[in-house]
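Look for chain A in each of the two complexes below; its partner is chain B in the first and chain C in the second.
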Partner chain A sequence: MKFVKNNIVPIAIFLLTVIAFYYSEMSLNYLSAEVYTRFIRNMLFTLALILPVTCGMGINFAIIVGAISAQMAVVFALDLNLTGILALLFVVGVSAMLSVMFGFLVALLLNKARGNEMIVSIMIGQLSSVIYQFIFMVAYGTVIHPLNTDILLERGIGVRSMLDAKNISEVFEKILPFKFEGKTYTLFPVLIILVFSLILFYLQRAKIGVLAKAVGSNLSHANTLGIKSNRVRSICIIISTVFAAMSQIILIGDFGTINVYTGHLGLDTFAAAAILVGGASIKEARMRNCFVGVILFHALFITSPMAGQNLFNNPSVGEYFRSFLAYGVIVIAIIMNLRKEKMEKERILRETLK
Partner chain B sequence: MKNKKINPPQLIMAVYMLVLLIVTVMIDMNLADIINDALIKWAMNGVIVLSLIPMINVGAGRNFGMAVGLSAGLLGMVFAVNLRFTSWTGFFSSIAAGSLIAAVLGFFYAKILNQLKMNEEIVGTFVGYSFIPIMNIFYTFVPVTNRQMLYPIGGQGLRPKVNLDIYFGQVLDNLWQIKIGKLVIPLGLLLFLWGTGILLWAFSKTRTGMVFSAIAENERFVQISGISVNKYRTIGIVMSTVLAAFGVVVYSQSYGILHLYDGPFMMSFPAVSAIVIGGAGKKKATVVNALAGTFLYQTTYLLSIPVANALLIPEMAEILRTIVTSGIILYAFIFERKDKRHEVREK
Partner chain C sequence: MLEVRNLSKQFDGNYVLKNINLKIKDGEVYGVIGANGSGKSTFMNILNGKALIAETGGYEGDILIDGTSVSIKNHSQSTAHGIAMVHQELALFSGLSVTRNIKINRENIKGKGTFLPEFSYVDYKKDKAEAEKVLEMIGAQIALDRMIDGLTLNQKQFVELARELDNESIRLLILDEPTSSLNITETKRLLECIREIAARGIAVIFISHRLEEVMEICDVVAVLRDGELVSTYEKSEFSVSRFADDMVGREIVKAERKKKALSREVLLSYDRTNGTDRRLNIYEGEVVGITGLAGQGQEQFSEGLFGLKAGDYQVRFCGEELKKGDNPELIKQGIYYLSEDRSGTSLFLESPIWKNIIFGTEHKHPEFMSMPKLLPLSFLQKKVIKEYSEKMIEELNILCSGPEQKLRELSGGNQQKVCISRAITFGPKLLFVGEPTRGIDIYSKELILKWLLEMNQKNGTTIVITSGEIEELIRICDRVIVMYQGQVFKIFEGNIEPEEIMLSLYGRTADEK
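For the complex of A and B:
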């Protein structure tokens, strides 16, 4: 019974997914293939949220910034006409560099807005997304002159909205391919996710993870103990941004094309919803929350439009339902978290009064 | 009126507007047209911005969950258009029905926010976001009999955009227009905006209004003096929600289109940004803040459209607007921290 009480959100979503799967009339093979694709595309984004949650900053919606740096790196690689493994290495290197830099700036802002990190990170995401769009839509062709003019629009200003990212996806396809239901998938992204999961596993137990936990559980205590809390928080945000950048590279490599202006949008909400569906709160998140959450959330995400079609004769109902779920689960998580905190406070008060 | 100092966002926006104005004059835009449009845009968005005031003044933060109130207003209009009410009947029955629904929704919204003091803004954002898909499901199934509002094929579900021209489009815009040469001053529309503003100002002078600002200043003190803080917060939040419903009716009649579904999705950020430009703080906002801020925000957006078109990059206007919106809100959050630290020291 205690298990059910502690994991009420994942269990409820699991039941919903089973119902949606039943009414969607999909085959299990189709569903698992779709979930596999979405799993490799979204997993690292969700893992990126763990460290900021641990150090008490809530959900870092500014992981968009990481995605942006990866997109920039891919466009640069296309601009320089790089191909093959060289392109992939270039993209990884440049995006890591950019995401460390941008992550540092994000951390600077978030440290100034203590107590409002979540909403500020939403605004940072929005602002950096439009500045990025501005650069590629207006500055490219006017201020920056690309070597490869094929990436520009016909009017000579602005990058095309869809670019072929074959140079990276070719590398992806060659490593560990396997066939399932007539389509070819690769195991390479899973390998990367595994490596990054291990890195995160190590980081959580290393010095930075312990410090982050201390800062997250009580900021003023941590400060009196002499922990440089701002520095810890900055490092967590930077790591989170780098993870997001790597995730976006996997997404582009798997997808084969890059949506220059819209490819990075919405990922933050999906990641946040996934980690919360997996049973995390805005103060505590574990890796198993991520894995469970991503699979559950995306399984529901895939089945619900079809279920809506079959139940109400209207596919958009399922779509609305899943976007309600994505946002609603965030509200519920915040409410539950604050209740828990209130109860904790009352308990401490009662104990001290005794 | 203690704080008359011009704050940085105001200064930046004023300079930005001046630059845009010079450029528009240089590219031979008709100044009279711009002024006409600016006045309409000001009043069109003004009521929505005014709706933020009660919630800020009662200390419940800026209403990022405005979509709740906006949806109520949209529902009011769906009701009026479904009964084929035209002209003033349509306008006022929309407002009446909208504010009734808004009062009910606002009450529940207040219930949620009262549990989550100090976190209203982030929770409000996501309450608003998650409320929109609920409304979308409602729009899909609502039994509407007016064929003009339904999808042409299938006959189920409202259209995303319903034309209001034959119902009550521009009814307020065209009231008491004064024409001076090429200038057209929509006096009726402006009077509606100013009237709402004056009512809000008068409200802040009543006893309830005084209690509002006392709560914003020191909630615990008010609580100790025996006043139910949650009751006043509920009043403030319901007021904001009802005013947002008013605002969206004014907005839609001016726009001429009833924009359902994802229409209210991104409306709260520009409104919050406008009131911040006007100089409102986290816990204190005046009518002048809202009106001045809306004018600056909307006019700069208006001016940036011809400039962007002249540069042959029409997408730029929207990009610049979003940069302004999120930049200003970001500024507000980061600047606020000083006030907070101050409060802690006082305790």
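For the complex of A and C:
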């Protein structure tokens, strides 16, 4: 009973997924293949949210900035005509550098906006997205002259909206490929996710993890005790941004193409929804919340449109289901988490009264 | 060990500390007493390197440690000189274990991380061993892996103490009101512990409002008044009346209630408390005190009624049933609550004094509004309100620069006076007050008690006071209710003997003895 009470959100979503799966009339193999793809594309984004939650900054919607750094690095690599493992190393190196830099700037802003980090991080995400689009739409071909003019639109100004990222994806495809249901998948992204999970596991037990927890638990106490809270918060945001950049590289490698102007959008919402579905709150998040959440959220995300379509005989209802899910799930998970927290508070009160 | 020469501190030209000179020896327990706003906290904040001091222009004068002048600009410098502080509001982190709390920011790390030390791994085993050693030293038995949230207040206090003592270079320990939220037995243990610490050669600065404790434990006592060090006493010269005279610089008149016959007209009743069929009545026009040791459920009647805590009972007011937690309705009926958590639930710290005084009282004072008929849509009569606030500030002797000052800038005692003045402005039928005198100096205490009594006598307000200060309750209450293990244990009336109340706090009666 206690287990159900503590995990009410994931359990509710799991039940919903089972129902949706039943009505969608999909095969389990199809579902697992789809979930696998989405798992590798989204997992690292979700893990990126943990440290900012731990240090009390809520969900870092500015992970978009990390995705943007990766997109930029990939475009640069294409511009320089890099291929093979060299291209991947270049992209990793450049995007890591950029994301540390951008993450630092984001942290500066968020430290100024104490108490409103979530809303400010959303705005930072939106703004950086616009600036980024502006650079590639207008500056390329006018101010910046690429070496490889193939990436430009025919009029010579602005990067094409869709570029071929084969140079990255071909590296991915060669490492640990396996066949499932006639399609080829690779285990390489899982390997990367595993490595980053271990890094995060380590960080949570390193000094930064302890300090982040302290800062998240009570900021003013942390300051009283001489903990450099701004530094701790900045490091958490930078790590989060770097994680997001790496995640975007996996995503591009898996797609094989890059959507220059839109490839980075919406990921923050999915990641936030996934972590909340996994049972995290905006005050506390663990790694298992991420793993459970990503799998559950995407399973529901895949099955629900088909279920809606089959139930109501109307394809547009199916699409509606999908949009409802992305946003509705966030709201519902937040409400359920708040209720859980309130009940927990009342329980403590009652115990102290006895 | 520590010497302070001509230490001064100003905030925007106002000196809150003026030319403080004092010397503290190793192993000495040095008491610092003074009224609220006398500069005690500022003095401590300077020694502890609080950011607030540096941000407002630093301090003037010299601080010498072992004869060499040092400058304390931030917390880490203060720590480096071996100065540690236990805060009145415990600075512990919920969600972290006892060990983590004791070793916070001083964790044993594996490997040397000079660049980005935050990325080094924490050696939890070593942390635990060291934390255990410190806890053993102060004689506290607390499981090291337990989360802080589950501990009692007393245990938390020991964890905080352990955290500061864990710093091996500690030379001076500052204790800011360490006993303010402890009961008698707990206080005794803490004082013993402080003695032991001092015996190990660590100097202790002990700040407290409870003069008996200061007399018991300190070797030297310094009295601060209005930012000046007015006197220093050696142990042989200690006397409460001297301290009190020096602290206020004037005679204190103790507030006392003229006993009168109770009306026995039931104003409010708690039925079926805690599942039993017992009933607790509050009579019209009385002043009633509710007391008990910490955590015996004395808050359930006030906080439960206003939905801040669980309360297992039904409430009737003037015969009509009330819904617990429906605060707008309660206030409409004329029931008002000033919580013991003043800054948390009773005040708007970022708002000016006048707003805090009149908030929620507009419908009772149409003169505050320019168009009373429009009610919430009306503009406020700033001039009338300002005059009214100034009158209140004068009558309650609130120390401030004027009604426009923000509440955050006032000291605790003055904030409480603002609370009381709002209650006066509101003029309730029934007023609940939680710990009205906690952390407040003697002079302000009596003033607050006096005003509570005056509300009772002039306006006929029934007052329910939840407090641990038994001596005060006896002085001003018609009845004192003692709580024990969540239940009403005994109700005292008429001439109340303090000894009897003391016994009943522990769940005993006089005949048992």
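Following the convention adopted for this analysis, the second predicted complex is superposed on the first by the 328 of 354 C-alpha atoms of A that agree within 3 Å, B and C clash if a C-alpha of one lies under 4 Å from a C-alpha of the other, contacts with A are read in each partner's own complex, and residues count from 1 in each chain.
As a convention for this text, a contact is a pair of C-beta atoms (placed from the backbone, for glycine too) under 8 Å apart; a residue touches a chain by one contact, two chains touch by 3 or more.
Fair warning: this is a prediction, and the values are worked out from it, not measured in the lab.
By the touch criterion defined above, A:A280 reaches neither chain B nor chain C. By the touch criterion defined above, A:K213 lies against chain C but remains apart from chain B after alignment on the C-alpha atoms of chain A. In the superposed pair of complexes, A:R155 makes contact with chain B only, with no contact to chain C.
In the superposition on chain A, A:G115 makes contact with chain B only, while chain C stays out of contact range. Among chain B and chain C, the chain that touches a larger number of residues in chain A is B.
Contacts of A:M123 after superposition: chain B is touched, whereas chain C is not reached. Shared-chain residue A:L225: touches chain C; no touch with chain B. In the complex of the two chains, the chain B residues touching chain A come out as 64, 112, 115-116, 118-119, 121-123, 125-127, 129-130, 132-134, 136-137, 140-141, 156-157, 269, 312-313, 315-316, 319-320, 322-323, 325-327, 329-330, 333-334, 336-337, 340.
Touching chain A in their complex are the following residues of chain C: 49-51, 74-76, 79, 87, 91-96, 100, 104-105, 107, 109, 113, 116-122, 124, 149, 295, 297, 300, 309-310, 486. By the touch rule above, chain A contacts chain C in their complex via residues 202-203, 205-211, 213-214, 216-218, 221-227, 231-232, 235, 284, 346, 348-350, 352-354. Taken together, the chain A residues at the contact with chain B in this complex read 58, 109, 112-116, 118-120, 122-124, 126-127, 130-131, 133-134, 137-138, 155, 157-158, 312, 314, 316-317, 320-321, 323-324, 327-328, 330-331, 334-335, 338-339.
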